[in-house]
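There are two complexes below, and they share subunit A, which is joined by subunit B in the first and by subunit C in the second.
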Partner chain A sequence: MRAALVVAALFLALAAWPLLVGDVFYQRVGALVLLAAISASAWNLIGGYAGQVSVGHAVYFGAGAYASLMVYNQLGWPPIAGAPLGIAVSLLLATVTGLPTFRLRGHYFSMATIATTELVRLLVTNWELLGAAVGLMGPAVPRSVADLQFNDPRIYYWIFLGVLALLLGLTWAMQRGRMGYYLRAINGSDRAARSLGVPVRRFKLYALLLSATFTSLAGTLYGVMVGFADPDSVLGVLVSVKMVIIAALGGAGTLFGPLIGAVILVPLEEATNAAFGGSGTGITYVVYGAVILLIARFRPGGLAELGHALARRVRRAP
Partner chain B sequence: MLTRTMLGSRLLAVSEDRSAAMLVGIRPEPMQALAWALAGASTGIAGALIALFFYISPTVGEALTLIAFITVSLGGFGSVPGALIAGVLIGVIQALSAFWAGAAYQDVVIYALFLLLLWVRPQGLLGQA
Partner chain C sequence: MLLEARGIVKSFGAFRAVDGADLAVAEGDIIGLIGPNGAGKSTFFNVLAGDTAATAGTITFDGRDITRATPEEHAQLGIARSFQVPVTFEDMSVAENVLVGAFLRHPGRAAAEAATAEVLEFTGLAPLADGRARSLGTPGRKRLEIARALATEPRLLLLDEALAGLTPVEVRAAIELVRRVHARGITLVIVEHIMEVILTLAHRAVVFHQGRVIADGTPRAVVADPAVVSAYLGRSMSRRAAPR
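For the complex of A and B:
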């Protein structure tokens, strides 16, 4: 009960944030934080709860982004109408990567995700219909409200918050249900879970499909908001790595870990980009590398683990 | 070294079962550090050799990382002759596909081959299932 109140208060505070901050730059950063939180939370389903580390989630994100701009460029539909197409392509790609690798142990799944993503990135880079290396543009001027082109970043912020709330609500329900227990068992020990009769392959695939769906949706929202996609910005390795790092920083396999990670990392990234300008974009890589090293060395469980450790110490103190 | 020395046996023991190796008195950390060091040193030699005929940039090794994994999984993990055969095979396939399909698609062919391999023979050419 108390936890529910805290969560409700947290979401109210998040919803009110852009009203309290007048600066458009900070409102935009807020929207980007939520978008990163959506894709990292989606990654968390397979990478955190099921423990199957995907380093190729950019392919689903890219499918969503490209689908939104494709339906605009080819059919003249509003970009958001590309969401079902992006999700369908993502589900197909997820099945192709997941089916053969989930019966294997070791690093096959991670490597297959990288291989799939690179494969798709190279194909898109050479495919004229998808804009090749130049990329695709969205509508320059909104034709109607359905194009979802707003000058005010707050509207995107609230749309993203709604999607994030839906995703976290689903994750919460899953965590409490049978699937949550199955995934945790799989994460703990694949073999032990199988010996207890958990349909391991099937549930890994379910988690991946759910994860791919929401990552693709995040990609579509990105395409709608930014109105531009090229192979590097939506299919690049950095896009995949960013999801992994955000989730790992906050705490993989925890409900709010990815959101916390996004709240910390995205403003940091935007601040370095703003401070160093175009010459400083490489700083992002440096920050990512440092975060990976620090988490791997000191807190493999991310900040969530740190929080639990502190809470335990506080409780023991008096 | 791997099959004829005590050190190699210890290395393989840790790789096969970490806790069982600890039970017979092998400390896993030095073995893992040694494996890392050997792998790093060999890759360093490969890097020095590639500099003889290839342009170098800070990201020169990036594309090779995944290719290296694919090569080893094609040959079969833990198989020394497998890695050699697969290495030659991958090189030839890459060169041929660059010739037939265009340079842009040479890695596409390799990645597609890898995904196909996972379906039909995940243990690799010479690996044990």
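For the complex of A and C:
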């Protein structure tokens, strides 16, 4: 009961935040934090809970982003209408690539996900219909409200917060039920899980399908907000790595870990980009590398675990 | 027969780890599988558990052919197992480890938790329920594996050296637990090195040597069997053991 109140208060505070901060730059960073939290939380379902570390989730993000711009360019629909198409393509990709790669364990699975996503990126780079290397643009000026083109970033912020709340609600329900325990068991040991009657490959697929759905939705929201997608910005390996790092930083396999990670990493990244201007993209790699080193060295469980450890210490103290 | 394995062969390349082994287990039995290191008993055990597919031979459980069944199908049919080196879910609590097993028969959380509580009580793990599995020592892990297996409500439990590496006091506690598991109406097949365990627990002992069954009978009769003695000690050894 008390936990529910704390969570409700947290979301109210998050919803009120852009009203308290007047600067449009910070409001925009806030929206980007929530968008990153959506994709990292979606990644967390398969990568965190089930422990299948995908480093190729950009393929679903890219499918969502391209779908939004495709329905605009080909059919003249508002970009958000691309969401179902992006999800359908992502579910298909997840099933086709997931079933054979789930046989692989550990690093081999991760490498297979990198390889398939890079393959898709190269295909798209050479595919005229999808704009090839140049990419696709969204509507330059909004034709109606349905185009969701706003100068005020707070509107995106609240839309993203709603989607994040839905995703975290679903994750919470899953975590408490059989599926949550089955995924954590699979993470612990495939072999032991199977011996207890856990249909391992089926549950890995469920987790991947749910994960791909929300990653694709995040991609569509990105396409709607930014109005542009090219192979590097939505299908690049950095897009996949970012989801992994954000989740790992906050705490993979925990409900709020990815949100915590996004709150820390995204502003850090925006600050380095602002400080170094256009030449700052290389700095992003440096920041990611540093974060990986720090997590691996000091807190393999992420910041959520650190929080739990501190809470235990506080409780133990008189 | 509850479980019947006929002519089981398991080859790794040219090497036949199991070379035509048979085993029949009746409901209510406690069978001990013994044999020197490398005799093929663990490989045979893993074939029974569905972990590796047999190269040849058939296995039936309760009249159903399970030769090609997956480990999860084994669990569904009522065959549970422990591992030689315990494989617990380290980051989950003791109770959560058991809960994973309980979900097999009770998909709803409340019912699964009730079943878990009963198993924790039965195995004596209730006081440790909230601790992480990684905090347990070897005896605790072996006990947890048995608890987790019991939570799947099996008819047959396969124990792979569930008592190896324990101190004599711990062995006695574990034997006591295995007896109580049997009293629940669960049939047991035990792979074991410790002779004391086989002699006190097993109704029947099956001896493996070089991938074949060389003796099958009561534990006392089997240990007196000259073929078994020479398999354990080696023929030359028994000759050398004679006074000079």
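The working rule: the second predicted complex is superposed on the first by the 313 of 318 C-alpha atoms of A that agree within 3 Å, B and C clash if a C-alpha of one lies under 4 Å from a C-alpha of the other, contacts with A are read in each partner's own complex, and residues count from 1 in each chain.
What we mean here is this: a contact is a pair of C-beta atoms (placed from the backbone, for glycine too) under 8 Å apart; a residue touches a chain by one contact, two chains touch by 3 or more.
Here the structure is a predicted model, which means the values were calculated and not measured.
*Asks:* Overlaying the two complexes on subunit A, which is it for subunit B and subunit C: clash or fit?
*Replies:* fit
*Asks:* After the superposition on A, what does A:R299 contact: first (subunit B), second (subunit C), both or neither?
*Replies:* Neither partner.
*Asks:* With the two complexes superposed on chain A, say which partner A:S195 touches: subunit B (first), subunit C (second), both, or neither.
*Replies:* Second partner only.
*Asks:* When the shared chain A is used to line up the two structures, what angle, as a multiple of 10 degrees, is there at the CA centre of subunit A toward subunit B and subunit C?
*Replies:* Once the two structures are overlaid, it is 60 degrees.
*Asks:* First (subunit B), second (subunit C), both or neither: which does A:A115 touch?
*Replies:* first
*Asks:* Can A:P100 be said to touch subunit B (first), subunit C (second), both, or neither?
*Replies:* First partner only.
*Asks:* For A:Y181 in the superposed arrangement: first (subunit B), second (subunit C), both or neither?
*Replies:* It touches subunit C, and subunit B stays clear.
*Asks:* Once superposed, minimum distance in angstrom between C-alpha atoms of subunit B and those of subunit C?
*Replies:* Minimum over all C-alpha pairs of subunit B and subunit C: 9 Å.
*Asks:* Where on subunit A is subunit C touching in the complex?
*Replies:* 176-178, 181-182, 184-185, 187-189, 191-200
*Asks:* Residue numbers of subunit C touching subunit A in their complex, please.
*Replies:* Touching subunit A from subunit C are residues 49, 51, 70-72, 74-76, 80-81, 83, 87-92, 96, 99-101, 103-104, 107, 109, 112, 148-149, 151-152.
*Asks:* Show which residues of subunit A lie in contact with subunit B when the two form their complex.
*Replies:* Residue list for subunit A touching subunit B: 96-97, 100-101, 103-104, 106-108, 111-112, 114-116, 118-119, 122-123, 125-126.
*Asks:* Give every residue of subunit B touching subunit A within the complex, in rising order.
*Replies:* Answer in residue numbers: 66, 69-70, 73, 77, 104-105, 107-108, 111-112, 114-115, 118-119, 122.
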